[in-house]
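Following this line, the structures themselves.
One chain, chain A, links the two complexes that follow: it is found with chain B in the first and with chain C in the second.
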Partner chain A sequence: MSKEQARIPYEAKDLSVLRLAPVAVEDRPKAALELLGEMLKYKRSLRLYLDVCTHCGACAEQCHSYLGTKDPYNMPVARVELVRRVYKKFFAPGRSVFRAWEGAKDLDQETIDQWYKYFHQCNQCRRCAVFCPKGIDTAEVTIAMRELLAHLGLVTKFHAGIVKNMEKTGNNMGTPLPAIKDGLEFLEEELKEETGLDIPIPMDVERAEVLFNPSSSDLFTNTDGLMAVAKIFYKAGVSWTLSSRIAETANFGLFFHEPTMREHSRRLVQAGKELGVKRIVAGECGHGWRTWRMFTDTINGPLPFPVVHLFEEVLEYLRTGRIQFDKSKNPEVVTYHDPCNYARGGDLIEQPRELLRACVENFVEMTPTKQYSFCCGGGSGILMDEAMDLRVALGQPKAECVRATGAEILCAPCAICKAQLPVVMDHHKVDVRVKGLSDLMGLALIL
Partner chain B sequence: MSVLFGWVLPYIVLIVFLGGMIHRMLVWAHVPVPFKLTVFPSPDTTGGAVLDLAKEAVGFRSLWRGKKSLWFGAWLFHIALALVLIGHFVGITFLGHQFTLFGATPEQSERLSILFGTYAGAALLIGLVFLTIRRLASPTMRFISNFADYLVLVLLLGIIGSGMYMRFFNEVPYGAVRDYLAGLFTFRPVLPPDNQAFLFHFTLVELLLLYFPSSKLMHACGLFFSRWLITRPYERQVILK
Partner chain C sequence: MADLNVNGQVIALDEDGFLEDAGVWNEEVALALAATEDVSELTEDHWKVINYLRNYYEQFGVAPMIRKLCKETGYDLKKIYELFPSGPAKGACKIAGLLKPTGCV
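Up next is the complex of A and B:
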């Protein structure tokens, strides 16, 4: 793939929403060094990863980004080396000759360009961490470096736009509240038509048992998923509500800007507290789930309620017999794509499988699967239309895995995967429909 | 000259080696970890996590998940390295008579000692040659290698090569080596054995130890820190497995 194709278009002009002032081009190297020095003081992961790699290369063939683009800088070790060589020059301990032997190199404008390029070709999928004998999680380095780039004023238009939407409307799509409410009414009518029942999709109900936090795309594009969730809560007899403050579980701050990530988390926790719910249930979104599961307690803890995943919640209903599925409603061959941030990132491996086996007739595993699964290629918000060539290249290894299963339906319960995989499958001519797990559960649910 | 070389230098090496290693571990330990970075599936308990680390250290499980050839070379090299290090310690302390503790006669013990030492040394050399060839032969490996990666391999090849040379062609009396090392440890220095191969071997080891704390060899300690970040247990908010 050519260099031009791989480039992600610079760069959001307006960073006011991130409260960052762009740094003049000629000042970037100096500013970058200061920022890197700061990060090394508070991120043990970064420091260790720059220190302990032996350049063994075990990670190279495990990264779909390298496999899909064949660009040597996309080997996890080479990606990190772009930072390591600067670290060796300016921060590493030891005599300068020793550090020169390890490839120490000055920080120039070209290096910053390479950082921008290659840290936007890493999906933060963490697959390399599973295969690296030192447990080096390149996603951590990517997260740190995107944060550093953001402080230099280098953020993609797409990411900055999402953060702006979130701040204004409480969802990434930027849909204003009246439109959301209209949409929900429409869905309630659809539900009535389909089932003959009055199944509500409530909003801002105080003292409800559950605050459900969907991906905003579920409100408009993946509406089957949201309707399915409404049906399940209805059948289980659980009072639930959406919040008008925040209808978004996808937390793009995780990818490149920690303050945004914290703010998003704070907003959700506050919504839950104000409504006085018993727990928050996160909808289908991979990295959103990782943030809730792993970071919320650290940022905003201790929480007055747990944050659980929709699948854990529904599995509880299923195991206690409050809902039942009729498998015959899903007769197709279904395979399951593990969103990276469910399996490796968020401890959701068996739960979705138990649900799938209960609601579809023909479930086949993919190879590799579970914590070894490849990323869809859209992770970490590499979802921009401008980067279509890159997206299909990053998705290529996944496409081959799906093709080999011969499945008719690809269950991919994550908003990013759902946006990315149809594009990838189409491009690589894999004949498969992409669906969320909620959709399949909704079809099979016995009302 | 020999005072400096035989008596002063070893102490400097030891101080640089231990001090440097401890310093770097302290630096790591003092940098905070803002978030939990567990990669799943992970153990639920601290005991489980420690067991996980131990399995990783003994079996190189992560490498096993990938290309088996790299696993084999790396594992052979490191296991043999561990055996050889233990062998040096025991063999030199007991002058090859360690197996008399298990009921062997002194002659049998010496023969066993030589046998084990030769096999472990050969395994070490095979593993190392494999890793070296692997690094040199593939363009991708050369792309990610820098001078330090080759340097470490060359140093180790020199150390192990000279060790095997002494074993096969130029036997150095254990006694003289032990007296020398014991002298160093008890601060009553004795002259080093006057044997070219031994001096070469010993000097290369000193160079490696001097370089160790500044090099990627620190992975020997750092690996436990970095693996802990992704292995450490993290309790679920709701218990539903």
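Up next is the complex of A and C:
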């Protein structure tokens, strides 16, 4: 396999779960033009972003994808230009004779191939939007273009598989309910062994105060985080429950297919209503959080309860003295990675820092940080094994930021970041352990 | 990925090198899959992990929690990575004939 091929995710063969009729390859250019025309009618932000770019280039050196790959098409301005040049020819205001002078282009098969390739090399991290003088958010263009590609029948195998699992089981990993229950029983035994206490991980408890929605990887690889959450609710004296309908905060529909995103959100809201909880608490997941906080009320509201983040919930316990931490339990140097969708799309910047300062002894900021932080390189679900060469290139700027801190622990409170960063740090030889914030809080919690 | 040839029988693999049909797994297939994972020999330690994964998979249709795998086999994660260099979710599951774990892993 060539290096270039190793950067292109596999295409899904079966898109039945998305209820989309695939378009024959030879019909794709014509269909793509129609779809773009339709999309421009209802996505005003897309039209605006295509119209207002001045090609100033302020975004180029701010994009980790360009910095990590050095592929000029990965400059945000050039990525969007792949669409803009078609827009200029067919849809932009003004006389067509002038448009031809501005690099306008027909929409052909090569264009579609480039769209598939380069809109899967954008992590939808929104860092370019922080630096663009016109506020162009390439993530929104990437989301729109992946949606268009989906309608042409071009979705990655990885993403389609996850949607299928979600529909079938209520979680992205496709873990059936008996296996989830078996795993939770095992974790309760582990908690008993660790603490000597009977700390429950309840499921389907009606009228519990909190419905906690974890990432399904918390039930597979990141179990320390889920055990920590159980300890915190136990100590705070809050009745809580998981739902057998859904155990997944990571809403992959956001990345490429709006109906899927809406359905995932609806499923959670329905689970909360059926159980009659007072609020839903979302676990560690960046983009999932953006969806819950920013979109849920609009697309599935009005809601009878708030959707809050675990960090907001735990901060309340900490500030009111319901829980306390012994930070000497975390003596290592810890730095914090801002998940893109917390810092640039979910209003979670200071809350995790307040918690970190309370539960670890040596917290150091990395540079750049907060809304200027670089993406892990796995954002927007670029977690495919076949794209490993791409993933480590996308993660390279972050690796250097982490290296410069000298930290022993990298706190990365997002399921995608937790899957991506160990691979990136290992590849770039940065000696650091990746943990969630829950994991660190669990270690420091005074029971 | 190219299909496997096990004693003249062609075994279909998916693009990631996992079995297309988990039902065709047997010990000889495991040996052939091990070769694709740079595991040259399947020792008693390997079989302990593989057998645990297979038993769990047959009961629940999915791979177990990594923590549970470690606890029940008595091997820590470091040891599992020594046995299966690409890790429990990829190397070990592949050789044991399970479907590939997906999601944020």
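Basically, the second predicted complex is superposed on the first by the 439 of 447 C-alpha atoms of A that agree within 3 Å, B and C clash if a C-alpha of one lies under 4 Å from a C-alpha of the other, contacts with A are read in each partner's own complex, and residues count from 1 in each chain.
As a convention for this text, a residue touches a chain if its C-beta (ideal position, glycine included) is under 8 Å from a C-beta of that chain, and two chains touch if they have at least 3 such contacts.
Bear in mind the structure is a predicted one, so any value in this text is a computation, not a measurement.
Trainee: Once chain A of both complexes is superposed, is A:Glu190 in touch with chain B (first), chain C (second), both, or neither?
Mentor: second
Trainee: State whether A:Glu332 touches chain B only (first), chain C only (second), both chains, or neither.
Mentor: Once the two structures are laid over each other on A, A:Glu332 reaches no partner at all.
Trainee: One more residue to check, A:Asp385. First (chain B), second (chain C), both or neither?
Mentor: second
Trainee: Should A:Lys418 be classified as contacting the first partner (chain B), the second (chain C), both, or neither?
Mentor: second
Trainee: Regarding the shared-chain residue A:Glu167, is it in contact with chain B (first), chain C (second), both, or neither?
Mentor: neither
Trainee: Taking the superposition on A as described, I'd like to know which of chain B and chain C A:Leu315 touches: first, second, both or neither.
Mentor: first
Trainee: Give one of first, second, both or neither to describe whether A:Lys157 is in contact with chain B, with chain C, with both, or with none.
Mentor: second
Trainee: Is there a shared patch on chain A that both chain B and chain C touch, and which residues make it up?
Mentor: No residue of chain A touches both chain B and chain C.
Trainee: Going by the contact rule set out above, which residues of chain A touch chain B in the complex?
Mentor: Touch residues, chain A against chain B: 40-45, 47-49, 51-58, 60-62, 72, 75, 77-78, 81, 93-95, 98-99, 101-103, 126, 129-137, 140, 279, 293-295, 297-298, 303, 306-308, 312, 315-316, 343-347, 349-351, 371-372.
Trainee: Going by the contact rule set out above, which residues of chain C touch chain A in the complex?
Mentor: Listed in rising order, the residues of chain C that touch chain A are 15-16, 60-68, 71, 89-90, 101-105.
Trainee: Using the touch definition up top, name the residues of chain A that touch chain C in the complex.
Mentor: Per the stated touch rule, the residues are 10, 157-158, 161-162, 165, 171-176, 178-179, 182-183, 186-187, 190, 215-217, 219-221, 223, 250, 285, 383, 385-386, 415-416, 418-419.
Trainee: Residue numbers of chain B touching chain A in their complex, please.
Mentor: Touch list, chain B to chain A: 20, 23-24, 27-28, 31-42, 56, 60, 62-63, 65-67, 70, 74, 140-141, 143-149, 151, 211, 213-216, 218-219, 222-223, 225-227, 229-231, 234, 236-238, 240-241.
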